[in-house]
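Both of the next two complexes hold chain A, though its partner changes from chain B to chain C.
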Partner chain A sequence: MKGGFIMNEKRDKLLKELMAADFTVIELNLYLDTHPYEQNVIALRNNMVQRAKMLREQFEREYGPLTSQFGYSGCPWQWIESPWPWERQ
Partner chain B sequence: MWFYDKKLEYPVKIKNCNPKMAKYIITQYGGPDGELAASLRYLSQRFSMPTNEAKAILNDIGTEELAHLEIVGSMVHQLTKGVPAHVLEKEGLGAYYSDHDHAVYPMSAAGNPFTAAYIQSKGDPIADLHEDLAAEQKARATYENLINLADDPDVIDPLRFLREREVVHFQRFGEALRIVQEKLSQKKFYIQKPKREDEAEKK
Partner chain C sequence: MEYYANRPNPSQMMQMPQQMYDQFMHNLKLATAYVPFQYIACLYPPMEGLKKGTIFPELDRPYGKDPEYTVDA
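Right after this comes the complex of A and B.
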């Protein structure tokens, strides 16, 4: 189905952007663990956290929850919906 | 505690099955230098770290290793999904299929099941951090071996990401080791409570 394919592609693109932002935060967090006084890196990290938060909200609005701990669920329980991350899509 | 995030740390999208490659890659799931061993090693050692930097780095790298465990498991899953038993058998996974079907089971490339004997948690931060530095190098070398065995870009790409993470973790552990060594070699000052006046008079 072509429509489904295009939707998947859009989902993929947004997810990749979020993954990149979250990864940047992971990487900067590790750096800061052993360089806790580097103010400019902390600022960079704080900015990236804002960007990741925005992308996450956008993704969850369009494609459902990424965590089961935060946020509102419609009925039926949305958390169990595919795809799960390890599935080949 | 932990929350699950319903995405991988790095994408895994393998279009073509390759059971033989899965048999090798599974070693980074449950083998001697694999991600499960790495995660358990750091998350166990963190309890006895003496500085905030060292506690944080072991906690956070131990957490990232769990995400790597998931990446490696996803690779094994995608490389074997839907492959019929006779093909698995021909590609060297007959014994694996007998016990585990198409499931993902933590073991080494040679078939040894995961064991906590792969890790140490010594209570001595210098010994533990040196083990961690070695562990990252051993994992890096394993990923290089796996990259040498692979010919599919869909497989090589996540392996390259995982290899790079080992290099970064090695760097961070080196910094943590230096910080811990500096703390342990600091001069220690002991402050004694002054004697009360009436105690002093008795003498």
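Right after this comes the complex of A and C.
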């Protein structure tokens, strides 16, 4: 993979942003478990769900599936195309 | 109530006569835990939250920073 480093950097950045959005959703979920009436927090959480969904779709569009059991694959089987952990540069 | 307000500290308890100690232990209620209710103030942005392990600044207490919550550092 020539020029793989630049590619990886962009990919990693997007993946990290997705992880951060997912984490924020989890945190807000936990908060809402004990504060179910806080409308502004619910709105914030819904926004973050939207953002995570958008980032996930963008990532999968550009770099292939994030999990092997959800989402559709082109041919050839895309799951094995994404770099394995030991292939990171 | 005043009984609990004047409760002895651990070293005083060690020095109590056995009878007093027994009476004290006998009168204790089972544990009652209390956690203050959290009110949301501000949040860390997602990336900072991910790095720190919480998006709530009031819960951000890295181990070893605050001597009160540090055992071995």
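Convention: the second predicted complex is superposed on the first by the 76 of 89 C-alpha atoms of A that agree within 3 Å, B and C clash if a C-alpha of one lies under 4 Å from a C-alpha of the other, contacts with A are read in each partner's own complex, and residues count from 1 in each chain.
Following the convention adopted for this analysis, a residue touches a chain if its C-beta (ideal position, glycine included) is under 8 Å from a C-beta of that chain, and two chains touch if they have at least 3 such contacts.
The shown structure was predicted, so the numbers you read here are calculated from the model rather than taken from an experiment.
> Who does A:Q69 touch here: chain B (first), chain C (second), both, or neither?
first
> Answer with first, second, both or neither: which of chain B and chain C does A:V41 touch in the superposed model?
In the superposition, A:V41 touches chain C alone.
> Report for A:A21: first if it touches chain B alone, second if chain C alone, otherwise both or neither.
In the superposition, A:A21 touches chain C alone.
> Once the shared chain is lined up, is A:P85 touching chain B (first), chain C (second), both, or neither of them?
first
> Have a look at where A:Y31 lands relative to chain B and chain C in the superposition and call it first, second, both or neither.
both
> Quick one: classify A:L55 as touching chain B (first), chain C (second), both or neither.
After superposition on chain A, A:L55 lies in contact with neither partner.
> In the three-chain superposition, say which chain, chain B or chain C, touches more residues of chain A.
B
> Does any part of chain A touch chain B in one structure and chain C in the other, and if so which residues?
Looking at chain A, the two contact sets intersect at 16, 19, 23, 27, 31, 34-35.
> So in the complex, the part of chain A that touches chain C is made up of which residues?
Of all residues in chain A, those touching chain C are 16-17, 19-21, 23-24, 27-28, 31, 34-35, 38, 41, 44, 48.
> Residue numbers of chain B touching chain A in their complex, please.
These residues of chain B touch chain A: 3-15, 52-53, 56-57, 60-61, 64, 70, 73-74, 77-78, 81, 168-169, 172, 175-176, 179.
> For a test of understanding, state which residues of chain A touch chain B in their complex under the given definition.
15-16, 18-19, 22-23, 26-27, 29-31, 33-36, 65-69, 79, 84-86, 88-89
> Name, in rising order, each residue of chain C that touches chain A in their complex.
Spelled out, the residues of chain C in touch with chain A are 38, 40, 43, 46-47, 49-50, 54-56.
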